[in-house]
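Down below are the structures I want you to see.
In the two complexes below, chain A is the common chain; its partner is chain B in one and chain C in the other.
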Partner chain A sequence: MSEHNLKGIAKAQKIYSDRSQRVKELKVAGAQILGYMCIYPVVEIISSFDLVPYRIFGSIEEPITKADNCLPTCVCPFLRSALDLGLKGKYDFLDGVVMAHPCEVAEKLAHIWRTYMDPVYSFYIDTPHATREAAIEYHKESLKDFQKSLEVFLGKGASSEKLKKTIEDYNEQRALVRELYDLKKPDPPLISGVETIEVLESLMSIPVKEGNELIRDVIEEIKERRGGPAKGARVLIWGSIIDSIAVVKLIEDLGANVVMDDTCVGSRFFFPDVETTGDPLDKLARRYLVDLKCPRTFIESGIEAGKKDYAEDLALRFGYLGDYVKQWNIKGVVLYALRFCDTHAYEVVSVKDYLSSLGIPSIYLEHDYSATSLSPLKTRVQAFLETLGY
Partner chain B sequence: MAEKKKVIKRLKTMYPLRGLVDKMFEKAVEYSHEGKPVAWCMVNWWGGDSLLRAMDVACIYPEDYGAVCAAAGVAQTYLERCNSDGFPDHICGYARNCLGYASLMKAQGGIPAGAPMGGMPKPSLLVGSGYFCDTRFKWFQALGRYMDAPLWLLEMPHPGVPESLGKDSEKYIIRFMVEELKKFVAFLERSLGKKMDWDRLDEIVSDTIEMNRVWWEVNELRKVKPCPVHSRDFWSCMPAALYQAGDPKETTILYKNMYDEVKGMIDRGEAAVPNEKFRLAFAELPPWHSLGFFDNLAERGWNCVVESWAYHPPQFIDLSQYKDPLERVARHTFQYFAGFFKHAHEAGEELGYFGYPYIEYVKNYKCDGFLAHPLLTCRTATNHLMYVQDRLMQKLKVPSLFMEGDIIDYTLFNPDEVLRKADAFEEAMLHYRDVRKKEGLDW
Partner chain C sequence: MYFAGIDIGSTMTKVVVLDEGNAVLAQIIGPTGAEHRRLANKVMEEALLQAGLSFEQMTVIIATGYGRFNVPFADRQVSELSCHARGVSMLFPNSRTIIDIGGQDAKGIKVKNGKLLEFVMNDKCAAGTGRFLEVTAKTLGLRMEEFGEISLKSTRKVAISNICTVFAQNEIIDHLSKGIALEDILAGLHSAIAGRVISMVKKLNIEPDVVLTGGVAKNAGVVKAFEEKLGFCVFVPEEPLITGALGAAILGKESAHEYLLEGKPISSKERILKEVAFYG
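What follows is the complex of A and B.
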């Protein structure tokens, strides 16, 4: 069945299973598609030019062959996989790419991607780690340059009004996603962790307004449906990118419910809004630099006091996780990091310390981003769930 | 593999420069005893060192201490401690060494027993950096478990090649850097309870720029055939400039002495490696625990004549027109970062640092081969190596040899395997000499 005849979750599942189908249709109808990597390329700017932003992912199912000649095996396997798909022509439908600086390897990949994929259009948005005023100002200048480069590429001017309107569309989407996550607060949750990823990845694969329609349908459907997830251990998953349902499925198949997440395909990407008053570029710079809570950004306590208190620092950096734990009634946390992901690897021990201070048990899983290496993780998750009493 | 006799001819003027590192650690211990401020810093490519020096803070670099621990054979203890504290084993060897050290320091209430070079005393400040590798600030953040020193992040913009060349780019890049430095000064003044001595800073910044100019000139001399300075000498004296290990004015004199020595060698036709047969560019960080291995290569006539751009001083530009010392710091550092970008753009290259500089180096230093040392625990030193290998072959017909290893963990380095590959690599280097000739390249 084509996705046009589908609605709600079924439609999301269809899109998830063949993510590029819709944008390819749009392309035939004359749309231009811009690929973007990670959560830092500002999708509002892309959409405000009537381009369709399409998030670039990897595939844990597909063995990496071609990228082996460009990126060594000791760097992020997700990035290697994404490049591998690109080199195999799976992203040939893109009219251009926008990359940023989420982490050091992704920043290098932006340049390596341009070299080997030779996109017609590309832009790299530098993204500082600091969140001080000068950094925000600098980021805003980079966003201005991004806008200018799109103007040159498309031969049309940017419109501040259009940008404001697009920001509102995205804020609407974010509000809907937060509403969807509210449906994960009851016990059992009304929607599973697997379904959540299917919906969210769909949103990153279609134009924003279509996405808003889709998620509205999903919310309506799951509020009414019977036979959602059964009761189980309420788990939060934190970590590096999870762009495949397989990891969450592994946990949920063991009888747990992944009711909350802190990953870049989940709440980390969708939760913060963009302020709608004032200069939109300024607000976008603030949202992306300050409000997105990713370990790649530097936040630190003790700068004013001249002395650091570790507990205070943990609360400053991970306090939002404490809120999630309370609001979603979390019983245990799975810390998931891809092997060779430095930004997350350094954070693991501190996040564990913070969760322990709240009395929340956690387990650290390291994954090499391949479907074949999931089974040892399963045994460990099972043992962890047993310690939670499930 | 039995270590062979020392073949590489070391520069006499290298020793006092190398000695500055020991003095740097000694000074920190002294400062700590006297109750004066000590900072643990990440190498930050001149972004913050001059400011710390002007505030009379003793700076030490746990990265460098990682190399010291590796060379002294004690790193394994710290690595194990770090692992048992729960840090993943694929993170930077230097960082694991330091985290393990800090963990022991906390447990023992002071410098861990048996720490080499008198150890690193407890810091009053941590100065991380946003330059290049994520480890540069994530590692110091993770140290919060073991110490209460506040951490400052020295930020550095990382624009892409085409993006950096926009009409207004340089203006807002420098503005950003200067503003960040101002905030750093305010942080230092607050933390140390005293004001910045701006005149002193002005002098230090000028001295630092001059020191790097002379050091740059020394490296320019290495283009000569045969090359009088092997990478081993480069690595031994690079901390003097890179970490400002000593007073920059005094260090400048030491580099000038080195310049004179090297110039004399050139006049006499002397080389670092007798019978220089092959000239190599080396990437990135060496196996600190096995530096004697380069003598085995030198015995075959392999001379390592240039290293990664990352550790080289920036090409000199005159910054005397900028009166604000913070602006000079910003411009000097940015010149280092983006100094190759214009050429990279003209050459159609996207990776303007870590990538393109090798193309210029290999051409200008007339290298026969690219010797790469990928590190399992360092993304920064590794992620571009295959890219560089490919570009060098595509553009310059220069072959590469990869020797896997680690900066700290000697178990990951297999020198015998490299030597086994050496014959075939020599054949490749000879073959590509002919290919280059046929293609009109001049070496």
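What follows is the complex of A and C.
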């Protein structure tokens, strides 16, 4: 089969192995590509201006050699790696970048990227960290500013109609991703955790409509195919960014199936829809601030009651994980955080407590974002699976 | 039937051969080293010689430890956590907490009825591992094996405050330059290791009986430091290095029985006693 005839999973694997190939083709044909870091820069706004959003990742395979001149070594290795790739010219095809405030380091990186990479266009969305009305209002105003800056950059006005249409395209993609995840509910799942990442990363590397076509093909393919994953321990992986298949592959090579996730390359980014009635900017502000469940946003219960109850607080913050555990029949959870990811590391104790309250065993792994340091993780995961009886 | 467990640690490679009655027919301990890792088969051959058995007589071979995937002739790989839990439980049926300190890592293991319940392992850091002692031995120009006996003479142990292996060496040199007795420095060092490891294992709730294993358990000074900090006696196997390999052999035996009951073939693949091929 020639490259251009590739479909479904084979196509996703091709895109995963050379993520920028498609946008580079589109660029030759006249498209403009806007890079975005983390899940908070609103992709609907980017696409509504006919720009192609392209998620910026790092590489666990590539040793960091250049970024250490611009960022301290004791910060998020993913962000250091992403900047390192940028400094090595791997993101030179981007026409601009938009970054947000997932954490302190990413905020600083937004400015450092601007200084050292000097993109033609750049914008920083100062995403608030709370979910009360005033914060949503503030977020909406920031998104308006983002829209305005794109109007100036492109010399054309924003269209509310176009934005609404784009939101529908993305909601369609999200429904398809949820459908794909439904096919991970049977035992064995119809698609492996590794393949899931390959598909989802492809979606973040090509225009939304092409992505929708791709995932439709994937769903059709896995419903029909033989030789999918074999039965194994049903595992959920929670944690900070996992932009390489390596960690999930390590778990699945030990005989388990990663059937569900809560990471920003998986369900966390793709599951929540944007409401389609009313002011689209307001709905986008709400979706990104309230519905995206990343530990970077502070949520707590008991504000009205004037007191805090730990169990209630845990249920409010992580109740969705409890639903995942039930619906995907999860037997154990791998909590994964990158070294120096304070945002996730602080959350680990609470997530562990919540899972224990459900009777679900979990293991916490810390990784320094390098492909050469995976074997200690392998021992831990293997021993964890043995405690689950596998 | 005969069963072998091979435990390839970061520093030492251990092999135990058992018969069906759990009698130890061979017990080999040798350095892992850069070349030895390629030569797991040599250690195995040595064990077979000691046991007076041929390779074909082995019913199940289980590999464990850091290098477990480098044993092409093993039937299965099991994590060292489960193997230590199993091996120690055979030697100490009342054990609930195992603290294993090896060449490059320290582990806390909770065990019940021979099964691994929970575990913690040290991060990528040499403090609180055998490497910490090795580096110190070099600094002091002593043999690591002498540390235990010397430190037991201490009457006024000093505090080694730094938990970093590299910076602790500076502290040791500083103490030496102040004329502090060697035994007091070593006692402080052992106390620092015990403190570091206990703070990690505490996440698991340390319940007696506690069994100390791994190369560092051979150091009487470290054992004493653990007992002082925990406030009760800890147990040390006669040969604290082999519990992983022993556990692997026992797990091999148990899996063979399971397979026999289920009517499945015990060994699923063709085993050839050869060195691992890394390239190609």
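By our rule, the second predicted complex is superposed on the first by the 387 of 390 C-alpha atoms of A that agree within 3 Å, B and C clash if a C-alpha of one lies under 4 Å from a C-alpha of the other, contacts with A are read in each partner's own complex, and residues count from 1 in each chain.
Keep this in mind: a contact is a pair of C-beta atoms (placed from the backbone, for glycine too) under 8 Å apart; a residue touches a chain by one contact, two chains touch by 3 or more.
Just so we're clear, the structure is a prediction, and the values are computed from it rather than from any experiment.
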Partner chain(s) touched by A:Cys70 [first = chain B, second = chain C, both, neither]: first
First (chain B), second (chain C), both or neither touched by A:Ser375: second
Chain B versus chain C as contact partner of A:Pro188, first or second or both or neither: neither
Partner chain in contact with A:Gly322 - chain B first, chain C second, else both or neither: neither
Touched partner set for A:Pro119, first chain B, second chain C, both or neither: neither
Touching partner for A:Glu366 - first (chain B), second (chain C), both, neither: both
Partner chain in contact with A:Thr387 - chain B first, chain C second, else both or neither: second
Touching partner for A:Gly228 - first (chain B), second (chain C), both, neither: neither
Contact breadth on chain A, by residue count: chain C or chain B: B
Shared chain A contacts, counted only where both chain B and chain C touch the same residue: 366
Complex interface listing, chain A residues touching chain C: 366, 368, 373, 375-376, 379-380, 382-383, 386-387
Complex interface listing, chain C residues touching chain A: 66, 77-82, 105, 115-119, 121, 123-124
Of chain A, residues touching chain B in the complex: 69-72, 74-76, 101, 103-105, 107-112, 114-115, 123-124, 126, 128-130, 132-135, 137-138, 141-142, 145, 148, 295-296, 298, 300, 302-310, 313, 337, 339-340, 342-343, 345-350, 352-353, 364, 366
Residue ranges of chain B touching chain A (in the complex, touch as defined): 85-88, 90-92, 95, 128, 130, 132-135, 137-139, 141-142, 144-145, 147-153, 155, 157-161, 163, 166, 168-169, 172-173, 175-176, 179-180, 183, 187, 190-191, 349-352, 354-355, 374-377, 379-380, 382-387, 390
